[in-house]
Amino acid sequence: MSESTQTGINKFVGNLIGIKDSFLGSFLRSRSLLSDRSKAAVMVNNFFLHVQGAKTHINTLRPTYTFGMGLISLYLFFFAVISGVLLMIYYSPSLENAYDSVKDITNVVFGGNLIRNIHKWAGEGMIVFVMFHMARVFFTSSYKKGREFNWVVGIVLLVLTFILNFSGYLLPWDQLAYWAMVIGANIAGSPAEITDILGITKYFDFGGLQKELFLGGTVPGKATLPRVHFFHVMFLPIILVIFLGVHFWRVRKDGGLTKPDEFGPAPVDEKFLALPEKKGGIFPTNKTYGLMELAHGKTPAVDKDIENTVLSWPNLVWAEFAVLMLTFAGVFVYSMYINAPLKELANPLIPENPAKAPWYFLGLQELVSYSAFMGGIALPTLALIGLGLIPYLDREPQHVGLWFSNKQGKSVALQSFIVAIAALVGLLAFVVNFGWLRTWFTDIPQVAIILVNPGTLWVGFVMAWSLFIIKKTDSTRMGAIALFTMFLVSFVILTYVGTELRGPNWDFYWSKSQWPVH
Amino acid sequence: MNNNACCAHKDPHKKEPEGVSRRDFLGLAGIGVAIAASFTAIAGIFRMTKATVHYEESRKFKIGMPAEFPVGTIKKLDDKKVFVFADTEGLYAISCICTHLGCIVSPTEWGFQCPCHGSKYNKDGKVIGGPAPRPLPWLEVSLHEDGNLVVDAAKEVKKGTKFTV
Amino acid sequence: MEGFSDKGIVRTIAGTCVIFLLLFLAVTFHKTDAYGEDGSPALGKKVYEERCMICHGASGDGKGLVGVIKRSEKSGRVLDVRPRDFTTGVFRFRSTPTGCLPADEDLMRLVDGGITKSFMPPHKDELSLDEKKAVVAYIKIFSERWKEEEPCKAISAAKPKWLGSKASVEKGQKIYKDMKCWECHGDDGKGKGPKSNELKDDWGNQILPFNFTAGSLKRGANPEDVYITFTAGLDGTGMPSYEDSLNEEDRWHLVSYTLKLMGVVK
Amino acid sequence: MHRRFYLKLLLVSSIALLAFALLAAYKEINPEWKHYQNNYKELFMKNAKDEAMKEKAKAFKVEVQQLYIEKLNRADRCVSCHIGVENPMMAKAEAPYKKHSGDYLGKHPLSRFGCTACHQGQGRATNKEEAHALEHDTHWEYPIVPLKHIQSSCAQCHDYAMLEKNGADKVVRGRKLFLEKGCLGCHKVDGAGGILGKALDGIGTQPRAYFPMRYIQGERTQSAWHKEHFLDPRAIVPESEMKASINDEEADFLATYILALKSTEMPREYRRIRQTETPDMSGEALYKKYCIGCHTTGRESYFDEIFNRTIPSIMNPALLKSADNQYLKKIVSEGREGTQMTSWKPTAAGLTEQEIDMIVEYISKDRPAAKPEPFDVAKFRADVKRGGELFNIRCALCHGKKGEGELGINLKNPVVQSADPEFLAVTVRDGRAGTPMPPFGKDGVGLKEQEIADIVSYVKTLSQKKL
């Protein structure tokens, strides 16, 4: 019975019965997921899935290539945002209630303590995995031709992650928060040291401006908490999401993850791919159409998957879903057993001793303990610029997609690793035992200490070393590897020194048990 | 500019001055003003974030009558973050906010020690160790008309200036 | 915390050994140059009357015009301090064995340095050497013993190397317990032992045992002085001499433990 | 069947997540206080005698209990564990189910006061360790007040007269001790008191981090700190000059009173300060308040090891014989600069003129009738140089070469420098009976009057000598 002759009622009932299929069809926009074409369609037409291509290279699905670092960082960001939003229900950013509201979250709100822990550890986890992700991208030289700017976007994301974490632990308004604000604001204000030396502070007090913008006054107080809350909850996340978008879009435009030039699927790959459902039939694949795919190679490939790729559905989707659940389980279990710290209520009269930032800023705190401006602003900015320029200074196209490029890469990395440990530990031991310029010549002008301090010496040494490697190996890639390895080593060593070996008054102690009780 | 602008073709032969045509001028002016407007807006936004009023107690405060500070007193006014000393030459106040990154220094037998990054000062506030860029500022001590001693934490004086009652 | 590099440690040890040697030599030589016996009695009388009589009294019996001075210790105990009574010839800070008269050097040292917590002022730069000799000679007239008895030989004290070592301190602690020092000086050395309240000196006045944690010893804090106190005892007070009941090595162990109580040794 | 790695990874992670999620859920629905409340419910049902009570016991709902007190801005959840605090049937139960002792809850209903207003501790916490906050790592500034010091919270609303009548003996005893041990001699409270020690306004609400805990043996809380500090001040604060001979029991009472000196006031309508009793303005009470700490009975002078100086006997008849009240008042008002004797005038230690007069009057109550033999110093032509030599021989021994004083009193301070020369001369001549100062005149050392006049003139020049 054609449509027109049916009575109104029949039409209505018919639609009612068929609502399941019609709705599903409209929602999934694809019919049965058997043929390649429908599997590709599912990827392309779905709003969430279309962030990945219809087909994925086999190398991408090898866990040992990327270890899923970028993905885990993304998922951690998701969990941080979700738990963050939930916390916003109970947290109130006014001076009087901030601390009490956090206490209420941890004590009374159902699952409150767990959500707060998840928010904290997801945030800090992001730092860990973003650093690993950067290291992976670097060591597989995935910043070469075409992907340079994406590396720079990555650096911006790294900085945003750090600042988001920093603004995060200021919100509970406990002792750690208050003194971190005081120190953070004064680091922001430390350019005043330079403008003082140049004598132009009266006209152009850049440090003072930054400090004022952050604190809303000269001392952390009523105006500071709402500002930090605005930065942490609205301003920074939005910027981070924008840059994330750019980051993913560029990864896709640059053709997905990098892959080694000569790539052959190894038997081990079988484990990471979905088995073809189609058991028999002429074509080994489910190809039912003559879709001409864009092939990069010179010879036309017939009946062979183009460029060692497989359909994203279900391979990549399974992989990503598995990593999602792995990350969620990881954060969840960690948060169940380890509580986010919450110190005493902020007390502007009694600083903590030692006043230690969370672990990821202790490397910086060690540098800051030599000179506020140099350790706090100049050296970190220099490091970030140095990192950002790597893709523009090392443009050798070979060995993309191979860890450490080649055997020489591995040896340079190892060499730099050992030299970095020896030199930095030596430098720190010297500073701890014999002090620095100020202890030898008390009347030395401050500008000398700003310019010549363990921080600047170390950065100078790292740069000299990588230039030396470039001269020796005649390859900018090797120089980059040396530089990056030393950056990672110094981050780790300075963080360890700051965490384990520094005690009250930032003095040197071999172990926490030696700290004098005060 | 030729006057019948609406439909006349530009006469190629007549040498007109190499100026900006009306349409270009309008376009340029439009863009220029748009940029100016957006910059003003942005400047306004930034100016808005600069707090005009600070919720902080005034940094000039009374610390009590001179007699409360006989010779030999060493007093730390906790909530004002100032040390007040009285010796035979007179009264003087040293700020206890570390010039490095703003922590509160604590007194020791050889001077002052900052708990945050290890800056060390001698008894006069001169830096003798650690990253502090400037000595602890000496603050101006004066006498209020009602006889109370007043310390102005915003006004730094030369080291060694002592206020005699 | 300023640690020393290896080179630094070697240099400092060598330096201290040299200084110690010189000190040791100076002390030994210093002792032999004996004081002259004479010093005119008239000068002695004049100095005694001007400076000493006011406390030690005209007849040297310690009952001068000043009389008793009350001293309130840090621990809250109030102590009557009385000037020394010369008539009995009994002195505490001697370098001669117990029961003997002090050697002239002892008296000279007391006049020079004074006794810190007993209000005996130092006269190092107030009196010339002659005046000091004169007054030391003059106070001998108050007691017949100076005429009858021969002065004894001073005790020599050579500091052993292992003084203050962990083992020595532990041995000293055992001796401190066995010899019942804690009865007067208390377990923690604060001078509040069970018998510390009913102690009397030879003149029947209450006297309190020394509080090691209060720091300055009257005779002087270097180990040799402590050793001499154990060996010679403080005549006139409850502090006996351990010359015969403890051999020399044990006494030095006791010195180590005392230094630990005083916080001189870790 | 599927050897696929990712599916297995997905399976394992999801199972782990599910398991821990259930575990978390279980932990979330079985908090510590629920265990206490269940026990309480059983106890309640056991103790319930009549039918109505049984009904009520059965209907008891187990949930977080919170007392939110708007005016005090406190949200106390102590009753989540101390559930039977208002239930008379729980009188004999052991903690935490025990009914509140006495009928305090009658007069101080929970709904209006909550618990932390008096007991302190962390009201918002829902487990014992954080609520009592005795440990340092609970990061809470106001640990629970031990019961022996609980009366320190009563003084926030009640005046001491009322407290005395209603059995708050500990804090009342503490206050009496505080006023009789001369604590105000060195500590300023409400603007009146000495300046040698820290001002004690608001000491009761100082956070835990304010107190140096380096040498504390016992618990690291404010009350334990005060107790140990009273027993041996120098053991806790090495450079302290605190002179306190306080036994164990007194230390408890004093600690209770010290904790009662709070800086935060309860709101107006809570306070029951009906009539503040007129402070005892008698000379003796004032003497006990301010002077007894150092001068003790005022009868004997002794050399104090802590101040490293002799503390004069201010009620010694020998002193009163030659020093008139006007001179004594000057000493009390101006104090002796360079020594621990603080200046007590209104603009310094904050005593009123009238109080100073009362003290001087009390001090001089045993003034003997006989006047000392006059000594007309003016008629002698003083030879300061000769006076100096005599001073160095006779006086420097005790008063120090520059008169800064140690066994002898400090002669450099303005009060002595501006004292009446005859008073000084008489003192040198007759000495000060009952103190180590001997008579230097004819019935003592035997100096001639001319020599005494020279000494006095030299003493007057001592203030120019730099310390």
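By written order: A, B, C and D. Residues from 1 in each chain.
Criterion: a contact is a pair of C-beta atoms (placed from the backbone, for glycine too) under 8 Å apart; a residue touches a chain by one contact, two chains touch by 3 or more.
Here the structure is a predicted model, which is why all the values come from computation and not from measurement.
Here B-D and A-D were compared by C-beta pairs in contact; the pair with more is A-D. Central chain by Cα centroid: D, whose mean Cα position is closest to the mean of all protein Cα atoms.
Centroid to centroid, with C-alpha atoms defining each point, chain C and chain D lie 40 Å apart. If each chain is reduced to the centroid of its CA atoms, chain B and chain C end up 63 Å from each other. Centre-to-centre separation of chain A and chain D, using mean CA positions: 54 Å.
Residue ranges of chain B in contact with chain A, taken from their complex: 49-51, 54-56, 78-79, 81, 100-104, 113-118, 126-131, 133-134. Here chain A touches chain D in the complex through residues 61, 63, 96, 100, 103-104, 107-108, 110-111, 114, 174-175, 270-275, 315, 318-319, 321-323, 325-326, 328-329, 332-333, 336, 342-345, 347, 349-350, 516-518, going by the rule given at the top.
Interface of chain C with chain D (complex): residues 50-51, 54, 64-74, 76, 78, 117, 119, 121, 126, 214. Chain B contributes residues 65-68, 70-73, 88, 147 to its touches with chain D in the complex.
Taken together, the chain D residues at the contact with chain C in this complex read 234, 245, 300-306, 392-394, 397-398, 407, 431, 436-439, 444-445.
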